[in-house]
Amino acid sequence: MNRYEDLFGPRMFYRRLLGLAIFSAVVLLAPLVVEDPYYRELLFLCHYYVILASSWDLLSGFTGNINFGHAFFIGGAGYTGAVLNLNLGWQPWLTLPIGGITAALCGLVVGTVTLRLKGPYFASVTFCFGALLYKWLMVSSKFLGGEEGLSGIVPLTDSPLGNYYLSGLFMLAVVFILYFISKSSFGLILRSIGENETASEGSGINTTYYKVVAFIISAAIAGVAGAMYAHAQMHVGPEMAHDSLSALILMMAVVGGMGSIIGPIMGAYLLTLVNETLRFMGELRLLIYSGAVVAVIFFAPKGLLEIFSRAIRRLIGQERGKVI
Amino acid sequence: MTTLLSILVLGTIWGAVYSLIAVGFTLIFGVAGIINLSHGAFYMLGAYLAYTFMTLLKINVPLSAVMAVVGVALIGMAIDHFGIRPMRERHAYVLILTLAFALFFQELMYGIYGPYGKPVQSFVGGEIILGGVHISYQKLITLFVAAAFVALLWFFIKKTKTGKSISAVAQNKDAAILVGIQYEKAYRMTMGISAALAAVAGVFISPILEAVPTMWAFPLFKAFAIVIIGGLGSLEGAIIASLLLGYSETLVSILISANYSDMVYLIAIILVLVLRPTGLLSKGRRS
Amino acid sequence: MNSILEIRGISKAFGGLQAVRNFDLRVREKDLVGIIGPNGAGKTTVFNLITGFIRPDGGEVWFKGENITRLKPFQIVNRGLCRTFQLVDLFKEMTALENVMIPCFSHRATRERPKGEKAWRVAMEFLEGVGLASRFNEQVKNLAFGELRLLDIARAMATQPDILLLDEPFSGLDVEDAAVLSSVIQKMHQKGQTMIIIEHRLRDLLKLVESVVAIVFGEKVAEGTPQAIMNNPKVINAYLGDRRE
């Protein structure tokens, strides 16, 4: 890996493409092996969380501006889609993009006024937006369903298999896009902001602009995902905007490895499956999560991806540098 | 007229309680530069310990209160020493770590005490009626205790040697080291003090609000709002902002609906951060 | 006088301390100006004021005929004024090449780059310019101190500056590294790069620069050729007791 053509030339590109192709193949072919609808639904959930965690990672993992209110976009778009469907009869092919656009617009507004704030302040404001939406939904009238939420939404597709493939294709599209963004100059700039925002500014980068754009992309993807989930569950409730959802997504990204897109994918799969299997444990689950997050921070701060990369590196005999 | 009086009285009481929680929170930020997301958990632990000692073990009130507060202070210092100290420089990780601790305590309470609210007997029964407004003695005691402790803290920080050395660390850690102040000790003591204050609030509020495992969240967020409004690290700011929040919430609660009073602090945070990020009351410089 | 940079009477106070008082300076194209002064004299503060990191209490900064006093740092960089930092401020987890690529993506550098030219190739050229081409794939945290200084200069140069500000580039360098840095600066000067250099190590500085400004307690006390400055009584006075040359 000593020539710079290697880093930027076709070899690395094809290696990455291969990795994603393998992943896509697994995702697309899995239902041949997995026939039980319960597991197909579970994998649908995995797809959903992968989309949420990786979209979160684009802003927060790369620039270090931790977004504590990702659920704001998820719940907001979910309800938007639900309302449009229940009142105007709009179908998923329309409500999902509208959900995304609404979320993107909110991201633009919220981002422009908040992203000039430093880390903890940005985190607080995003949290507040999420909490405000949640509280407002809880006390809302029949139109938004209050605590119970809204039911009777048109289903996403007509079977768990359909849901699996729709969400899977969406997930793969998101992963491809986000991954290649992360390896592009845009991604490099975002990382520089996260590393050392002052140095980035001092190098002539308009950091607020890049943060806002990342935020909008992040929000839009989460919005589409929220609308998708609303149709899949045929129900929306205030819990879709709750801070525990934001926290869960955050944990998935942290455990998997922030700032890499691939890490959150791993984290999302892992924690969703863990979530399900530990369901019988009730409240203890959250305890295990918190324990896991603390353990990861202390022993593997860069997340599972770091461990995974090290293993691959040993396998192919590469000493340092990037693996994927 | 009674409405106005209600707002004033209740607002002051809640303001005082909030200030107990907020001054500890702002102290930790001012001294150690960290936002301690497990601060609300100290409040919760205070309440649960009060329940355990007073209701379950039937120990008398004063002794229970002291044990609860001291216990929480020790827990706070342990968290600082074992959890935060190794990670001090990485603010993002400290945030996530303290949040994880808070969740851990929540789950611990779920595990030990279950999800239902745990009641604690009022320390003193009865109420007085002032100008048509009913005020329980418990609330009155809470007000006085809160005011007393905040005043004590003020005195400690501004007038005593130890307090001033803590203040010195807050202002300039490197200079403080040069004059021989041990900043690690200052951090730990600050953590203990702030945890103790939050616990006091928890102990005295426990007869008014039941102890539930999720009760760590709202005091944390309100403390956060208060500290942002009043200016991070500013003791005076925290006290004033606490009262402001107490009055605003009571106002909204009585005039509009109790449902919306919990949104006041959220809107306050957003407005302050967007419009005047250094806080309404601080002098305009931010770390 | 066609000065490209005009600093007009800027002042800055921090609390009770007047860090910079009524500082004036005119720099023309291709100039190589040195700024000297004892520790804490306010030299770095002047840089911070010019580059938008701090706002002056009074006075103005004019660059290429435009008032840049109130602009943000990234805007000033994009107008052609770039600085390095005394405590090297780089992207530690990134490689040397990536560090130099970031400024290549600034608005200004992107404009100046010929169409179709890849950013990483341009960045490599800058690395070659300071002699770090072989270390391109090394993470910054693994680089030697002297290399960090050179990298910072490469990074600043990648913004295609009209004026380059160097803040104590020689501090902490050993004799060899200082010689390398010296020749790099001389090469840039020969190519016509306008520069202002703050330096505490007088011997290294005075060999390079054409004119010198001395600051003591935030005020300019002398300006002239290196010869004149070294014989100036006020300057000598300020350095008495501080016999590090």
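The letters A, B and C name the chains in turn, as written, and every chain counts its residues from 1.
The rule we apply is simple: a contact is a pair of C-beta atoms (placed from the backbone, for glycine too) under 8 Å apart; a residue touches a chain by one contact, two chains touch by 3 or more.
In this text, all values refer to a predicted model and were calculated from it rather than measured experimentally.
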Central chain of the complex, centres being mean CA coordinates
A
What chain is the most remote from subunit C, judged by the mean position of CA atoms in each chain?
B
Separation of mean Cα positions, subunit C and subunit B [Å, integer]:
47
Centroid of subunit A to centroid of subunit B, CA atoms only: how many Å?
33
Could you state the distance in Å from the CA-based centre of subunit A to that of subunit C?
42
Sites on subunit B at which at least two other chains make contact
none
Going by the contact rule at the top, pick out the subunit C residues touching subunit A in the complex.
51, 53, 72-75, 77-78, 82-83, 85, 89-94, 97-98, 101-103, 105-109, 118-120, 124, 136-137, 155, 158-159
Interfacial residue positions of subunit A with respect to subunit B in the complex:
64, 66, 113-114, 117, 119-121, 123-125, 127-129, 131-132, 135-136, 139, 247, 250, 254, 283-284, 286-287, 289-291, 293-294, 297-298, 301
Sites on subunit B touched by subunit A in the complex
35, 86-87, 91-93, 95-97, 99-101, 103-104, 106-108, 110-111, 115, 213, 221, 224, 228, 257, 259-260, 262-263, 266-267, 269-270, 273-274, 277
Given the complex, residues on subunit A that touch subunit C span 1-2, 4, 7-8, 185, 188-189, 191-192, 195-196, 198-207, 321
